[in-house]
Each structure stands twice: as C-alpha cells, then as structure tokens.
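As written, the chains take the letters A, B, C and D, and residue 1 is the first residue of each chain.
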Amino acid sequence: MKTLITASAAVLLATTGLAQAQEKTLTISVYALAQDEYKQIVYDPFQAICGCKLVVETGNSVERVAKMEANKANPVIDMAVVSMADALSASRKDLTDTIDTAKLKSFNALYDIAKDPNQDGKSVGYTFYANSIVYRSDKMKIESWADLFKPEYVGHIAFPNITTNGAAPTLYMLGQALGKDTPDLAAPIATIGENKDEIVTFYEKSSQLVQLMKQEEIWAAPAGRFAWAPFTKLGLPMAWATPKEGQAGGMNVMVVTKGSKNRDLALQFMDFWLSTEIQTKLAEKLVDSPANSEVKVSDEIAGNLTFGKATAESLKFIPSAVALDNRAGWIKTWNDKVGQ
Amino acid sequence: MFQNRAEAFALALPAAIFAAAVFIVPVLILLSDGFRSLDGGWTLAAYGEFFSSPLNQAVFLRTLKLGALVTVVSAVIGYAAAFSIVSLSPAAKGRMTGLVVLPLMISPVARTYAWIVILGRTGIVNQAFQVLGLSEAPLRILFSETAIFIGLLQLFLPLMIISLISALENMPKDAVPAARVLGANWFQVFWKVILPLTKEGLVIGGTLVFTGCLTAYITPAILGGSKVLMLETLMYQQVAVSNNFVAASVIACILIVMSFAANLLLKRVATARNTQRKAAR
Amino acid sequence: MSDQSYLSLEKLTLAYGDSVAVADLDLSVRRGELIALLGPSGCGKTTTMRAIAGLLPVKSGNVILDGEDMTRTAPNKRAVGLVFQSYALFPHLSVYENVAFGLRLKGMKGAELDSKVQSGIASVGLAKFADRKPAELSGGQQQRVALARSMVMEPKVLLLDEPLSNLDARLRLEMRTELQRVQRETGVTMIFVTHDQAEALSLADRIVVMKNGAIEQIGTPEDIYNRPTSSFVADFVGFENIFALEGGGLKTDNGSVPLSVAPGLEAPSAAGLAWRPRMVTLGTGPFRGTVRGTSFAGHSREYLLDSALGPIKAEVDASEPVHVSGSDLSFDLPVHKAAQLSRIA
Amino acid sequence: MTARSLFVPTTLFLLATFLIGPFLIIVAASFSAGETLSFPPQGFSLQWILKVFTVESFRASFAMSMFLAIGGTAAALVLGIPASYALSRYRLPGAEIIRTIVSAPIIVPGIIVGLSLLRYVVVPFGVGITLALFLAHTALILPYAVRVVSASLDNLRSDIEEAAVLLGSSRLGAFFRVVMPNIKGGILSAFILGFVTSFNQVPVSLFLSGPGVRTLPIDMMAYMEIVFDPSVAALSSLLAFLSIGIVFAAERFLGFSRYV
C-alpha cells in the first residue's frame, strides 16, 4: 500500500518534472499519419534548432478543430494543420489568427493555390493531394467514379464517412460521374444510400483502409494520395485509379491559434516545415506531396505523389466556403439517406 | 460505539462530496443543457428534434435492441455455463471461474481488436464456414450489428455467469432434488424452482450486462464504425465532429434513463414473481 | 466509597437515537460480587452492560466505579473487561497475541509481558494452543481465550455477554465451573448477561431481573426462585399458574373465585398469587377441572386442566395414579405454598 | 444419461473457446513474423514484442495510465475506505443516498463522465488534462473500492473493534490494529479491481486527452487506426499477461475472487 502510493507519487513527479525541464514549449496539432517520419524529418531537427520542446497532438481534422473550439478561452494548441475547409471553419469561429507571411522565407516559392487557399490570410497550404480510388487491380478495373457501384464491386468497397475530409471531394466527383453535380450532393448521396447495405463500411480515417485491404475485407476505396504509400507495401496488386472524370483535390493547411503565447515559435516552425529542404525530405519519404514549387524529386517518387505544377492545376478543388456552407445540409441528407 | 452520527458523516462525506463534485454535478449540468432553450427557459425541443431524425431513431432502437438481445442471450448461455461450472469439483470450479473472470482483466481494446481478425472475410469464422461448405463466398460480418452483438456478448457474458454462479451456489441444496422427487421434469425444475430461487443473481447480472452494453464504446466503435452507430458512438460523433453539445446531452440523458429504467424494470420483474408466489401460498 | 457500592448505576437512562432502551435504572454492585442480568431479549440487559463498558453513551444518570464517576470516561480508559457473546477474538492474531494485545498497549514488554501472557493462557488451560489462530479453536476454547484476554488486564469489573449460550450442554457445565473458579481465585467483580434463568440461578450471587428497560426484581437466586415479587419474574422462574387477587379471591375471566384459606392462616394481602405446577394438589380440593392434556416426563407427569379458573398446569410424581384425558377431578391451589406477588403485569 | 454427461464438458469447452479464443489469437498474432495482424500467424518472431518498447508514445501513455491506475486507485481507497467503514458500521441517516452518490459513476456511461468533466470542470476552471483524468479515474474507481471494501467489512465482526478499545486501544488504533489487518485482502482486491478498471478504461478518457497526454488504451486505439502491424497485439498480450499475473498472484495468496 505505502509503496504503491510512493510509486504513484514518483510517476507524478516524473511527469510534471519532465514538463518543467524545458520552458519553451510549442504545442502543435496534426494528422496522425506518418508520425515516425515527421518526428525524424521535422520534429527532432526543429527541436534541435529552436531549443524548445515540441508537444504533438494527433487526430483527424474536424475533431481537432472541435477541440480547439472547446478550449477557445484557454488555448492549448499553438499551431495546427487541418483541412482547407476546416481552416475556414476555424477562421469563421475566430479561432485562428492572420499569418504574418513575411516571416515565412519560402512563402513565395509555394504554388499559388497554397499561398492563401481561403483568401482570408489565415492559412497556408503545406501539401495538396489528389483524391481518387485505391483498388485491387486483380479484382477490378476502375475507369470512372461510378464503377465503384457496379454490383460485383459494391460489396467490396469502403467509402469515406460524411464527417471526414475525403467525403465531399469524393461525392463531388461521383456527382460528376452521375452527371448530377449540384452543390447539395443530393444525387451522389442518394446513390450511396441505395447501396449502403452493400458497402463494407464508412471509414473515419484513411489509415483504416490498409488493414481492411490486407484482410480482403475490401477491394477498393476512395482515398487521398497521402494514404497511398502503405498500400504499396502490402504485397498485393494495388492500383491508383485515374477516373475519366478526373481527380478531386484536397489540401491541408497550417493555421495559428488565436491567443497562442508562442506565435513566433509557431511561425518559425511553419517556416521550417515549408522550407525546400524539409519539403523535399517529406516528399522523398512519400509522406506529403510538396506545396513548395522548388522541390525536385525523382520521377519514381513523383509518380507516387501528387506532384508538379500541372498536376496541381488539374485538380478539382471544392471551394472551402461551398464546402462549409453545405456541410450541414450534406450531413443531414447523408443521415437521412445513409445513416439509418 | 458506533452511535456518533457526526463521526459517521465525517467519514462518509469526503467520498460523497468528491463523487458529487467531479461527477454528479457536472453530469447534471450536462443533462440540463438538453432541456434549455436559447432564451434560457426550459424546453423539450431538443428531444423532439432528436427523435424526429430517422438516423437517431434507428440508432436509439438499435441500441435498445442490441442491449436487450445481448442481455437475453447472455442469460441463456449464462445459466448453461453456470450450471456446468457449479457441477464441477471445487478445484475445477475455481479454475473455471478464474477462466471466466480472466477476460475481464484484459483490455477491451485488445479483445475487440481480435474480432477484426476473427470475423473478417478471410478470418477464421469464414475459413471454417467455407471448409464446412456452409457458405460459398466469404460472409461479411464486420461492421454489422452481428459483429457488435458478438463483441458485446463476449465482453459482458462473464458478468452474467459470475452473478449466476453465486446465485446457484446460494440456492438451497435440496431444492432441485426435492422438485424432482415431486415429479417435475427438468424444464419445470428450471422454471418453477431454479429461476425463482436465482432471480436475484439474474437481475444483478442482467443489469450489469444491459448497462454494460449502454456504456460500451470501444466495441461499437471498432466493430460497427460509423456504418452501424450505437448511441454511445453517435454521442461521440455529435461532440467530436459536429460540436453539437445539445444533442450529446440528449443522448446522455437517454442513456442514463435507459440504464436506470433497466435496473428498475428488472427489479420489478423480480419482485412481481415474488409476490405472485407469496399470493399463491 | 464502600464495598457495598463498588459499581453503582444511578438513574441511568440509555437510548438508541430517540428510542429509550433503559430508563432511570439504579443498581449497586459490591466488590467481588457475581451479578446476573436476567431477562428476555430486548429487556435492556445488554444495553446496560454496554453502557457500563462505555460502548454506549449515557443519556442521563451516572456510572460510578470504585468511587470514580466513569460516565464520560472513554471505554479504553475504564478498566472494564468484556467477554463478548461471539468472543470477538482478533482473527488475524494467534492466541498468544490476542492475550498480549491489551498488555502491549499498556507498554508492557519483554519477560514481564511473556510471563503474564503465558500464565494467562495457562490459567484457562490452553498453554498448548498459544500459537493457534482463533479459527483453529473450538467454541469453548475460543471463549476461554476471550476470558484470558480480559483477565490479564486485571479489570475492575468483568462483563460477560451470554457467556454460556453458544456452548453445548457439557461445555456449559465446564465453563460455569471455570467462571466460578476465576471469580473465586481473583475476586473480580463480574456481571454477566443471560436470558437463561437456570444459568443465572446456578452462577450468580445476586440476580437482577430486567424487563422493558427497568429492573423488575433484585435478589439472591433463592429469592428469585422461591419468592418472585412480580408476575413477570414468577412466570420467568416457572410459576406457571398466576392469578391476580381481587376482593380476596382469584381473578379469572369469569369473575372472582373465592380462595380456600387453610384454618389458622391469614388471607393473603398481596396483589397476586402464583403456583408452580408442582405445587398444585390433584385429587382433592375445592376446585374442579377436566384433564385436557397430559404428558409423561420420566419422574413426573404433567397435566393441563380446564377449570373455572382457566387453564391450570399441574405436575405430580409419576408414581401417582394416572388421570386420562377428559376425566374430571378436583384439585387445590394451596395458599401457603403460593408466591406472593406485589405486582401483576 | 449420455446427453447429460456430455452437456457439461461441451458447454464449458464452447464457453472457454468463446471467452478466451480471441485472446489467444491476439497472443499468437503478437509472435507473428508477418507485417499485419492476421491469423494463423505467418512465422514466428519477437520483433513486435520488441517494437512495443521502442514506440515512444507507448512509453509516455503507459506511464500516464500507470499513474492514473495507481494514483487513482489509491485516492479512491483513501476516500472509499472511510466511507465504506461509515456505511457498514454506523446507522447513518441518508446512508442509501450516500451509497447511491458514491456508486453512481458505475451506472453512468463513461463517455458522459468524460464529456461533462471536459465541459464543466476542465474548460471553465482551467483544470489540466492530467488532473482531470486523475479526478475522473478516481471517481470511476470509487464505486468498486466502496463495494469491495464494504463487503469485507461486512464480513468482519464489528465487536472486535469494541474488544480492542476495551483492551485499551484508541478508536483509530483499533481500526489500524484489528480492522485493517483483517480487510487487507479486500483492500488489495479493490486495488487490483480498480487498477484493472482504470488501466483498461477508454470512454472516460476519450474526451480527456490533450497534447502529449493520453492514456494507453486511447493511444493503442489511435495507433491501431494508423499502423496495422501486430505491435498493438503484442502490447495487448503483454498488458494482459501483466494483469493476469497480478490477479493470479493475488488469488494465490489472498483468495481475490472471494471479493469480486
């Protein structure tokens, strides 16, 4: 009994002691993907440079913005990377601050679409990606977004849940394939609803797909290009579809929390992350497609990423405002048609 | 010596105050949120809105259905298991009880995780079905109510078995032989003797299992995902994704009411049978 | 202080919450006396004993022990020993450690402690069992440990709660002897609580009969057994035929029945009269009854009679002629044998 | 006759398979040489077991969960033992209300506890996540502590305390000298039960995570969603063996199952 109390007190001391050891702490909030690579390429080198401690929170974009809102009065996070639409949502809720782009040395090297994606000065894109379909080339052939719903395929697909970043672009492209691309996405959601019993699952995080694919639970799923690399390591015949309707674009952006006490440090970190050197390393490890136009990589690497000016310009982005204004309606339609 | 009330309160109150402060008060505030209108008055509007959504209706009914189903099935299996265990020698009984308790010690995350491997299209169950020729193509079990049902059953069955074992052990030893001597068949013995004599264990086990199903989050989250929502996963979504705290409060209230109602209902059932028997005498 | 009132309870009132369990009780106990508190359950005897020990706060009145007012003294400062009905041995301690418990708290240690404990254990004949745990002992052995544990503390008063009730008949006799021996050898003042009149009669110097939180009668065993002063005590010690007196006759449901007083004797002036079944004379007398039931009890035979007085219990030697059920016979309730009761409940 | 004699072994076999089977699969998978969680395992290797120890976030969240489980259970016992004592020894007016308040956290879904703490304690009062988790886990363990300790107090005669007091001990002394030694098995059982409950707890902690502050099960769930190698299985097995080891030892030496 006594020893247990002592032991727990020791653990308590150890944890608080750890936090006090370094006074400068930058708290960032990111996607959970590829944290090992980030740690090696971004976090550790940055901590060495700034002499500060980096605390990393992970989770999906919407959840983390929700949390930022809950902690609005007393912000915990200094800097976050979220989806384009969520960045606008955060900015509308006054959770983020205008970014002083003069402090970002690589700002001018960014592709134009990444410089100020929401035209509000409160976010900077650090990576963009194509949304298409990852599939088993031995089991099926995908030439159009609508192919997913072929009767022989539909029992083997996973679809992004409406709450994820991937849902809207995917539904949007599906709408194009169906020839009914209204902003309310009614037609594609109706299609999902008709097939809801067949579809294996509605995934929350694209990382789940790897296991499902490996277990042959699914043969195909719409996904962002950032999720591609792990599929190539499965030892299964996997392919990235290039549907005739094209690929939807998605972008992840950096934001600075309003009221952050470490704003300069946050900007220093963003500058580091956006630098050509770091963006190149991230690209080489297939972690993120670079938003920095000065990054050069081999053709093989480029082929596995969403790379280059031409690609960037071909992607079909849903404007954040459209996404935000329609989001509630999409969710309602989805819940009515798919959810029950 | 144990007369001093002030002393008793001094001992009991710290725990009560602690539980009230970090638990009861915040929960009550949360629950009250669901009954507030924008102008600060009291209203049931949020409940009306909640139940008008077909999704919410479906999730509510599914939660109720799965909870009831898991409770009933675990009672049936629980009796068979508890009988078998009680009939063993003391040493074997101890080992078997340990085996039943064992899963309770293992992280539910790990236990649920295993079902992904077992129930998948290439999992053991499907492999066995195909070898036995029970199905041609692999069945899809994951992300269905069936998967959640299996997961919840495995999670909470031990609670039922433990409750029934102690109920059976506390039963008068001569009750079953006496009924047999009086000419009752096994079905009658169960229905007329064992059930009434063990109903308290059944009520305790049933309450534990049913409330367990209402409070389980991991199992529906992993085995159902957003395709097959239950109230607890829906609530998480409402908070984490939609930031809709009013809806979360409504769900919280429904869950709490359901678990209290289950408790009362089961108690009522137990006492009803009791009074019937007393009246018959 | 006098030896006449080594322990005295003065106007003692005890309560559990708002319900009064003992009211205005007065009792004086002499040093070295062996007192039995006798009464049915709920009469307040255990409550009184717990108040003497200090386990129950006193509502009003005083507890005075050896000239000192103990009313507000904490139980651990009273020098009062208590042998619990369930013995209350410490299950995690050996016999030795149970007995040593109180001595260690007094700060005793080393050889002094050891010799005291050893002799305490030996005095109750358990020397061989010093290392056992209570659970490994029989009920009688456990009780002797409890007795030794209290006695080594040399208490001013030793209280015993139903000391014989958990023992079988043979052990009961053994324990009775044991208690008397302890009392004789140490001269300790003892108060024991019992609901069994035989136990009280056989052990006690004086018996305090209690009823509903008040003392009904105090007296020597002979007093209590032969001269109960109330219908309650009379009934308790086996006077099964009890009558109130009304206008010089026995009060019955159908009015007063005149008594036949033997010539030369005074008519009784008490509130009531009581007879043991043994005292009833069968075959002669002024009353008539019908045999309702009979039972054979070895050396004697018991009868239940229906009479104008109501049901009467009689007991006669087995050698007397047998009266079959339904037979009509005359009987007598001899007034000179009757216990004279001053109170009828 | 045959039907009945087959009934018991068949039932027990199926029961054991259903209850323990999934766990065995997890254990088998932890020793797999393959890259993903699958059964039957592909080859044998210790790589996943070893990998568990190299994942930094596991180490941090393990420390956090340990702190919560040990600290929370200790705190729950510090609050719970006196409360159990009061409830089992005294005739306390409102005892049922106190009992209900103290055991309420067991009935209310954990996710609600976590959310209400976040919304109405953490955010408005600026309480740190670690402290909030500690409070939540303490509240969660309290019902178990009170239940198990009450049960062992109820099994212990209260007159031994009176006996100790009459032999010269103080009230407090009597508690420590004769009550504690006799309920220590119950307390240890409560400790183990509380520890396991806290350590495996997910819903309460779900909303209570902050940057760098996460309990192990939450971290495992997050890791599982990202990486599908068998290291989570390996970690699960390690934790399970840890719990089983503790419980086995407790059962062996103290008869733990009497109190559960």
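Simple rule for what comes next: a contact is a pair of C-beta atoms (placed from the backbone, for glycine too) under 8 Å apart; a residue touches a chain by one contact, two chains touch by 3 or more.
Model, not experiment: these values are computed from the prediction.
Novice: Which chain, with its centre taken as the mean C-alpha position, is closest to the global C-alpha centre?
Specialist: D
Novice: Using C-alpha centres only, name the chain that sits farthest from chain D.
Specialist: C
Novice: Give the chain pair, either A-B or B-D, that is connected by more C-beta contacts.
Specialist: Of the two interfaces, B-D and A-B, more C-beta pairs touch across B-D.
Novice: Cα centroid separation between chain B and chain D, in whole Å?
Specialist: Computed value for the inter-centroid distance: 18 Å.
Novice: Where the centres are mean C-alpha positions, what is the separation of chain A from chain D, in Å?
Specialist: 36
Novice: Using mean C-alpha positions as chain centres, tell me how far chain C is from chain D in Å, no decimals.
Specialist: Chain centroid spacing, chain C to chain D, equals 54 Å.
Novice: List, in ascending order, every residue of chain A touching at least 2 other chains.
Specialist: Chain A, residues with two or more chain partners: 70, 204, 211, 215.
Novice: Out of chain C, which residues touch more than one other chain, so two or more?
Specialist: Chain C, residues with two or more chain partners: 55, 75.
Novice: Which chain D residues sit where two or more other chains touch them?
Specialist: Touching at least two other chains: 37-38, 91, 119, 162, 165.
Novice: Line, ring, star, complete or other: which one describes how these chains touch?
Specialist: other
Novice: Which chain pairs here would you call touching?
Specialist: Going through each pair of chains, those in contact are A-B, A-D, B-C, B-D, C-D.
Novice: Tell me, which parts of chain D touch chain C in their complex?
Specialist: Within the complex, chain D contacts chain C at residues 91, 156-157, 159-160, 162-170, 173, 177-178, 181-182.
Novice: Given the complex with chain D, which residues does chain B contribute to the contact?
Specialist: Those in contact with chain D are residues 1-5, 7-9, 11-16, 18-20, 22-27, 29-30, 77, 80-81, 83-85, 87-88, 94, 96-111, 113-118, 122-124, 154, 157-158, 161-162, 211, 214-218, 221-222, 232, 235-236, 239-240, 245, 248, 252, 255-256, 259-260, 263.
Novice: Using the touch definition up top, name the residues of chain C that touch chain D in the complex.
Specialist: Residues 17, 53-55, 74-78, 80-82, 84, 86, 88-92, 101-102, 105-106, 146, 149-150, 153.
Novice: In the complex of these two chains, what residues of chain D are touching chain A?
Specialist: Contact set of chain D toward chain A: 35-38, 56-57, 63-64, 66-67, 70-71, 74, 118-119, 123, 126, 130, 187, 191, 209-212, 222, 225-228.
Novice: Which residues, counting only chain A, touch chain D once they are in their complex?
Specialist: 1, 4-5, 7-9, 11-12, 14-15, 27-29, 32-33, 35, 39, 55-59, 70-71, 73-74, 76-77, 204-205, 207-208, 210-211, 214-215, 233-234
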